[in-house]
Each structure stands twice: as structure tokens, then as C-alpha cells.
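The following blocks contain the structures, represented as C-alpha cells.
Paired with chain B in one complex and with chain C in the other, chain A is shared by the two complexes that follow.
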Partner chain A sequence: MSIEFRNVSYIYSKGTPIARQSLKDINLTINNGEWLVVMGPTGSGKSTLLQHLNGLLKPTAGTVLLDGSDINAAKSSLKSAREKVGLVFQYPEHQLFGSTVFEEVAYGPENFGFPKDEILGMVEASMNTVGLDFAKFKDRSPHELSGGEKRRVALAGVLASRPGIIALDEPTAGLDSAGKKHLVDTITRLNRESGITVIWVTHEITEIAPLADSLLVLEQGNTRGYGPLRDTLASPLLGELGLDLPVALQIANGLRKQGKQIQGCPVTIDEIEQEILSLVR
Partner chain B sequence: MSGEATLKNLIEVCNLEFSYSDKVSEYRVLKDINLNIQKGEFVTVLGPNGCGKSTLVRHLNGLLLPTAGSVKVNGFLTNDEISLSTIRRSVGMVFQNPDTQLFASVVEEDVAFGVENMCLPRADIKIRVEKALASMGLTEYRYHPPHRLSGGQKQKTAIAGILAMEPECIVLDEPTSMLDPKSRAEVMKAIRELNLNHGITVIYVTHDTSEALCFDRLIALNSGEIVFDGTPKKFFSKPEYPARAGIIVPPIIELVERLTVHGVALPPDIKSPEELVDAICQLNSEM
Partner chain C sequence: MDDILLGQYVPGDSFLHRLDPRTKIITAAVLVWLVFQLKGPVEYGSLGAFVVFVYLVSGVSQSIWKALKPGLFLVIFTVILNALFTPGEVLLNMGIFKLSREGLIQGLTMGGRLLLLISLSSLVTLTTSPVRMTEGLEQLMKPLKKIGFPASELAMMMNIALRFIPTFWEEWDKIRKAQLSRGADFESWNPASRIKYVTAMLIPLFVSAFRKADELSTAMESRGYVVGATRTSLHVLRFNSRDYVLLLSIFVLLVVFGAQRYGLLK
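Here is the complex of A and B:
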């Protein structure tokens, strides 16, 4: 499934004294099966952009296309966008309303009309996927969980409906290191095996740099950089904006500054290890 | 323990047990926690999701009360109702989800809320609020409604509110999880400054292992028990310690290990990309 943003602008509280333009003329093409990373300083418009993907926010100007058609054209296109695009919010509390974890995770599949006898299996599978023990958590109230557990429930809820596109807003925030790894592995599998399109907003690039295809960098609602991930990482942009670079690339850049020869744009530990070994040998 | 030693302890946690449900059989979230924190310490708390970090820190200002055992702040028991307001004034808390903490109609009011209840002269309040807003880079948002901020801006507002109160001890529960690296560094700088120059005790919960490296003392929890209490340097010096706390070692430490296995002679305590770059350049100049 593909998504296109054509000249999308968004202004919060338009026409009031606190009006704020949070997106300015954004153009994007996310192809079927592509993995896009979105980075930007706090307040740069990342969450605002994400909420346009399934019509939670409607562009002040411009169009959002899902497989070529405007999602805001009609009620029916909006409904279909809500089904196809799974959105995991920045704060999981904002999407938890069921009285048990089971109910919470089953909500999507039930609402989108999956057959009753399949739902149990779907819920169990997606809870396993996010590392939540089914027996231990299914009857608990989502509101009485730890922060990281809530995040996992919210994720399981979105995954359960098997969306064709998944948009995740700072999904690793609040997850422990094992949980982060698990999530990255899961999304990688869904992307590689089921061809799910991924839009991943984050401040932490190290783990996903080797996996994603493209990178969009926002600042104050403007596109500051957009293109293949490694090309965008190789430009000085992220450093200028005070954003995170993959650890491997931080080391490579540091070594280059000291006059050392480093090939290309290393983003994995393996790649930088090889570079360092050939330097010291 | 001698009287003097007890006095220096700002926080004393003694055989603390906690369970969220009063059913006796229900599993205990905290199991026999013993912990002393002295005035002026700079402490980080680490551990997997659900291990009890938030539950533990919510005991430190009496938001939660022990099922068994006790928690004392400056010698006052948290389950002594008369002491509670004194304790709350000593220990300020920034919660994991700032939404639960922000309720005023504009950012400035939210930041001022705590200070205003401290019976300070107007002018002092104003100075403190100004300073807190500036240190979190929020001055331009002062008249914005907090619920209309981005997630990271909300976190900054909650932190500014506590900074302005200048309590003896600040507890921050994953305060920077939604912040960009630059803002994280600003928060770290602000609390370190309070710690060094004003002797404010800091207790900081995080999942970010590189952030944890900045603290003097690291307490790791797993399944409601303390599994490590010592310096961050020691914690990452042996794979056994992070493993005990269910923590994956940061990539920089993994890389140093791999290079060492390959016979690259690196110093043992490298913990940042900059330090590794320096060490490699040293090697090269020696060759």
C-alpha cells in the first residue's frame, strides 16, 4: 500500500491567537513495502504528520493519497484509511479504553469485522508478538499497567487488525532494551515477510538505520531533508539540528575529523568494526 | 547505625514490600527493598518494563504507601499522615506521563503552580518561573495551553514546574523519553547543575543506558528486587550485571568488546563514541 502527500500544510487552531503552522508544504511518496523514518526536533511536526496518514487530522491545504485516492474525499475513503493504516500514538494512554487487555487488543479486529472464531487467535498472536504473556496479561486492566506494558498493549491492538500500513510515533520510548529489540525485529519481519509499509517516528536511529529505506527530516514543519536513508544520514543535517546519528556513524565522523580514512557511510556495528580494524592494522 | 549517619540519609527504605492489590496471595511488585539515599546524591534507576521502578519511586514522596516495611524522608515516615505535606515539599516528582501532571490553562501557570503554594514573595516566584521556562526552552510557549503541546514539550513543562520549586530532592520517572537528543542534554545539564551547585538530590528513572552512564550511582531493579547498586562504570564492566537486570549492553560497549577480542588494545572503560575515537587515535600515534 502506498501513501502520497501533495503540498500538505496544517495549521492548528486556525484563526485564533495561538494558531500555529505545524506542517508547511510537505511532499512525500511512500511506496508499497517501504520503510520511512521520520526525525526532527521536539515540536517539529512529526506527530502532526502522522495523524494525517489516517485522516485524524485533515490538511489545511494539500492532499493525502492512499493508493492514489484522496483519503479525505468521502466518508467511505476515510473509513477505509482508518482500517488500512494502523497508528500507534506517542502516548499509549491516548488509545487505551478497554476494561481488559484482551478487550483492548480485540477491539480492532472486532470492529473491522473479522470472524469471531479467529479473533482469539489474533489477539494471542499479537500479544506474543509484542512480548506480553497472554495468560498473565489478558484479564488485567490496561490502565493499571506500567508505562512500558501500556505501550506494548497499544502496539498489540494495532497489529491485531493486520494493517497494510503501520505508523508508529516514537514507539521505542519507554520500552526496555529487550522490548526495543523485540519491536524492531517484529516490524522488520512484518515488513520483509508481509510487505507492510512502515512509517517510524523516532529520536533513536541506531537500531533502525540498517533496516529502513528512507529518511524524512522535519524542522518547524518544514522538510529539511528527504531521501534514501544513507544519503540523508551522510549529510551534515542531523548534526546541525542536534539529532541523533547511528553510533557507528558518530564514530566514523569523529575519526574522519581526526584525518582518518573511512569508506562510505557505516551505520552498523559490523561495518564500523571492519573500518576500525583496517585502520589499526 | 549511629545517629549521625541516619541524619545524612535523606531517604531510608527499610524492608519495603508492596502489592497493588490487598489480596494476600497477590504477587508482590516490590520485594524486601532496602535502600539509603544521602543528601546530594545523583542516582539513576534502571530495569525492564514492569519491574517496579515507578512503583518504587512513588513511595519516595508517599504517593504509594508500603504494604510492609517503611520509607522515611528526612526521618519522617511516609505513612505518618501529618508528615506528608513536609515530605511532598522535600521530594518533587516528575511523572512518566506528563498528561497526568499538567492541568493549568497555559504553560506558565502550570510551571508556576507548585511554587505558588510555597508562600514565597511574588518577585521570587516570578524569577524562578522565568528561569525554569528558559532552562527548558519554553519561553516562547509560555501562553500556550499545555494540552496543545507536542509530547516532548509537555515533558519539558512538567520538568520546569518541578525545577521552579527547587525541592531538596527531585525524582524524575523517564522524563526525557520523548525528547530529542539536544533537549535531553539540556535536561541533564539543568539537573546536574541543581545537583552540583545547590546540593539537590536527584533520582532519575531511565531505559537509556547511555544516559545512565552520566550518574554517580546506578540502582538496577528486576522483578521487584534490587539486583545491582553501585557505579555505572562497574555495572557495565561485567556482562553479568546488565544481564542480571535484563539490560542489553549499549552498542558502544559491544563494539569495544569486539575490537578487544580482535586484539585492539583499548582502555577498558570507554563509554562514548568520542572516547573511542580518542582511544583509536592514541593507538595510531603510538604505532
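Here is the complex of A and C:
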């Protein structure tokens, strides 16, 4: 599934004294199966951008196209956008309400009107995807699980409606390193095997730099950089804005400062290892 | 929703704004008592004119409507019910409804009282920041501590409650958006799904309230807060000359009014 932003602008509290422009003339094309990373300082409009993906916010100007059609055109197109674009908010475990994990995960498919016998299969599949054993977890209360497990339940709740696009706001925030790795692996599998389009908002780029395709850098609602991930990373933009760089790139930049020759833009540890080895040789 | 975020308080630098909150609370209490003692249109009219005058000089006149709006329904209801259902000299006969002279007077009196009560008490909240208000209440309730009344704790609770209104509004908005993203349709009229949507909103909100309360109490304790301990205040409330002048004049007004009403001045 593809999504396109055409000249999207958004103004908070339009027409009041506290009006504030949050997005300015954003143009984006996210193709089917693409993995886009969105970075930017606090208040740059990342979360506002995400809320435009499924029509939670309506652009003040411009259009959001899902597979070529405007999602804000009618109530039905909005409902279908909510189903096709799964939105995972920051700390999604805070929105859990079900008395059992099953009830929680089935909430989305029920709302979208899937038949009962199909929902059972959908819940089981999405719980398996996030690594929660169906038989073991389905009757437990989500509130008694660990933090990492709660987040997996929340993620399963979004995945259960089988979205073609999944957008995540700081999905690894507050997880331990094992939890982070598990989450990144889950999304990687969804992207590689099921061809789900991924939009990933983050402050930490190291763990996903080798996986993602493109990078959008926002600052105060403006597009500061947008393009293939490595090209955008190679520019000095992220450093200027004080954003996180992949560890490998930080090492490369440090070596370059000392006058060493480093090829291209290394983003994985293996790549920088090769570069260092070739320096030593 | 901005109304909730900003509260009623309108920042300013008028005479009323600079008064000690205790003075304002006491004065408002006396005037509220006075409202119930008034008789006849002249007395109501003069107090009404005085209240409007104070709104104007305090620079909060643009908030008069906002303050009265929530009570307006009650006022209109009171006037109509009294006018139609009080027995007396019939002015207008409309079948089962009879507009009586006594009823009209009684309705207008009650309505006028309500309007005065709302506008008077709003005058205090419009010109006093919530923090100063709770400080004032705490000071006024201090004497009750002797009989075991938890004045400081009550003031702290009020402060915390006020502080968390915007926080919970943000939380509410976040949860609403998360459930909308999972296909919740809050406009549905189907009772079964409505119940489900309410659950999906309220349970996360309660869980978050308990979590926040827990975190807050830890944070307060780690900064040395002990229930019942004597604490000093960063902003000490102090009566100024304007407070004494106002309190004295309100006392004089009270004595003169009482004497007039009960026939001691003759």
C-alpha cells in the first residue's frame, strides 16, 4: 500500500490567538513495502504527521492520498483508512482496557466489522506475529503482564485488523535492549515477508538504519531533508540539528576528522569494520 | 477545550487582582449574605449596578457572559416556573398555565438573586489565580485545624486536582485517538457499542490516573512532603492597606444595612 502527502499543511487551533503552524507544505511519497524513518527534534511535527496518516487530523491545506484516493473525501474513506493504516502511539500499552488479552486484540477487528469466526483467526495470527503464545496469553489480563509484553499486546491489537501500512511513534521508547530487538525483528519480518509499509518515528537510528529505505527529517514543521536513507544520513543535516547518528557513522566521522579516508556512508557495524580493516591494511 | 485549559482566571493588575484572596473571599461571602436580605427593585438594581461596575474596573467585563452562561438555564427555568405556578392575581390566563402577579415578582426576585450570586462568586475566581485561591482558603480554614480539620491537606488536594485537569485532558485526547485508530466510532448510537467505547476510554484513563497518583506521591515524598507537617510558604499572604480599607468598609456597610433594615436608625 502506498501513501502520498501533497502540499500538506496543518495549523493547530486555527483562527484563535494560540494558532500554531505544525506542518508546512509537506510532500511525501511512501511506496508499497517501503520503510520510512521520520526524525526531528521535539516539536518538529512528527506526531502531527503520523495523525494525518489515518485522518485523526485533517490537513488545513493539501491532501493525503492512500493508494491514490483522498482519505478525507468521505466518512467511508476515512473508516477504510483507519483499517488499512495501523497507528501505534507512543507508549501504546497505556491504552489497554480489555479484561483479557483476547478481548483487547479483538477490539479492532470487531470495530471494523469482521465476522466472528474470522476474528478468532486474526487474533491468533497477530498474537503469533508479536511473539505471544495464543493458548498461554489469550485469557490473561493485559494489566498483569510485564511492560514489554503489554506493548506486544498493544501492537497485536493494531496488527489484528491486518493493516497494509503500519506507523509507529517511538515504538522502542522505554523498552530494554532485548525488548527493542524483539520489536525491531517483528517489524522487519512484517516488512520483508508480508510486504507491509512501515513508517517509523524515532530518536534512535542505529538499530534501524540498516533496515529502512528512506529518511525524512523535520524541523518546526518543515521538511529539512528527505530521500534515500544513506543519502540523507551522509549530509551534515542530522548533526546540525543535534539528532542521533548511527554508531558506525559517528565512528566514520571521527576518523575523517583525523584525516583518514572512509568510503561512502557506513551505517552498520560490519561496514565500518570493513573500512577500519582496509585502513589498517 | 481551551476553556478547561485556561480555567476562569483572567490575569490582570486591577485593584481586585491585587487584593489578598482572603479579603476577596470574606467580602464575597458578606455580599452573598446581603443578596438574601435585599428587598425591592431599587436595592437589587443598586447591587447589580455595583457588580457591573466592579467587573468594568477589574478589566474582566468581557468574561461576564462566560461566567453567567452555565447558570442561565437555571435562572430562566426559575423565573418561568415561579411565574406560572404561583397562585395569585392572574395577569394572563393560558389554560392550565396562569401567569400571576405574585409569581412574576417572586420569579424575578429569585432569578435576580441567582444572577447576583453567580456574578459575585465569579468575580472572585476571575481575579484570583487558583494557587492564590487555595492559599487563601487554607489560611481561612487554619483555625479549624485545632479541631482536627485537615486544612493544608485539603488545600494541597485542591491544588493537585487543578494541576492535573490539563494533564488528564491530554491523556483523554491521546486515548481517544488511539481507540479511533482501532476503528472505534464514538458517534454510534447503538447502546451495546456505546458501552464498549465508554469502557475503552474510562479504563485506560483510570489506570493512568492511578499510575500518575503513585508517581506523584513518590515524587512528593522524596522531596520531603509529610502529611500534617508544618510547612512554610514561598508566597506569604499579607494584608495590605487596601485589604484593611475594604474589610472596614464592608463592615461599615454591614452595620449600616443591618441598622436600616431592622429599624435601629430612626
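What we mean here is this: the second predicted complex is superposed on the first by the 241 of 281 C-alpha atoms of A that agree within 3 Å, B and C clash if a C-alpha of one lies under 4 Å from a C-alpha of the other, contacts with A are read in each partner's own complex, and residues count from 1 in each chain.
Operating definition for what follows: contacts are C-beta pairs under 8 Å (C-beta built on N, C-alpha and C of every residue); 3 or more make two chains touch, one makes a residue touch a chain.
For clarity, every value in this text was computed on a predicted model and none was experimentally measured.
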{"item": "Fit-or-clash call for chain B and chain C when the two complexes are aligned on chain A", "value": "clash"}
{"item": "More chain A residues in contact - chain B or chain C", "value": "B"}
{"item": "Contacts of A:276 with chain B and chain C, given as first, second, both or neither", "value": "first"}
{"item": "Contacts of A:18 with chain B and chain C, given as first, second, both or neither", "value": "both"}
{"item": "Contacts of A:158 with chain B and chain C, given as first, second, both or neither", "value": "second"}
{"item": "Touched partner set for A:181, first chain B, second chain C, both or neither", "value": "first"}
{"item": "A:189 touches, of chain B and chain C: first, second, both or neither?", "value": "neither"}
{"item": "Touching partner for A:97 - first (chain B), second (chain C), both, neither", "value": "second"}
{"item": "Partner chain(s) touched by A:58 [first = chain B, second = chain C, both, neither]", "value": "neither"}
{"item": "Residues of chain A that lie at the interface with chain B and also at the interface with chain C", "value": "13, 18"}
{"item": "Chain A - residues contacting chain B, complex", "value": "12-13, 18, 40-43, 46-47, 90-91, 93, 144-149, 152, 170, 173-181, 203, 206, 241-244, 247-248, 250-251, 254-255, 257-258, 260, 269, 272-273, 276-277, 279-280"}
{"item": "Of chain B, residues touching chain A in the complex", "value": "20, 47-50, 54, 96-97, 99, 143-145, 148-153, 156, 174, 177-183, 207, 209, 246-248, 251-252, 254-255, 258-259, 262, 264, 273-274, 276-277, 280-281, 283-284, 287"}
{"item": "Contacting residues of chain C [partner chain A, same complex]", "value": "2, 171, 174-175, 177-185, 199-204, 207-208"}
{"item": "Chain A residues touching chain C - in the complex, by the definition given at the top", "value": "13, 16, 18, 51, 54, 56, 79, 82-83, 86-87, 89, 92, 94-97, 107-108, 110-112, 143, 157-158, 161"}
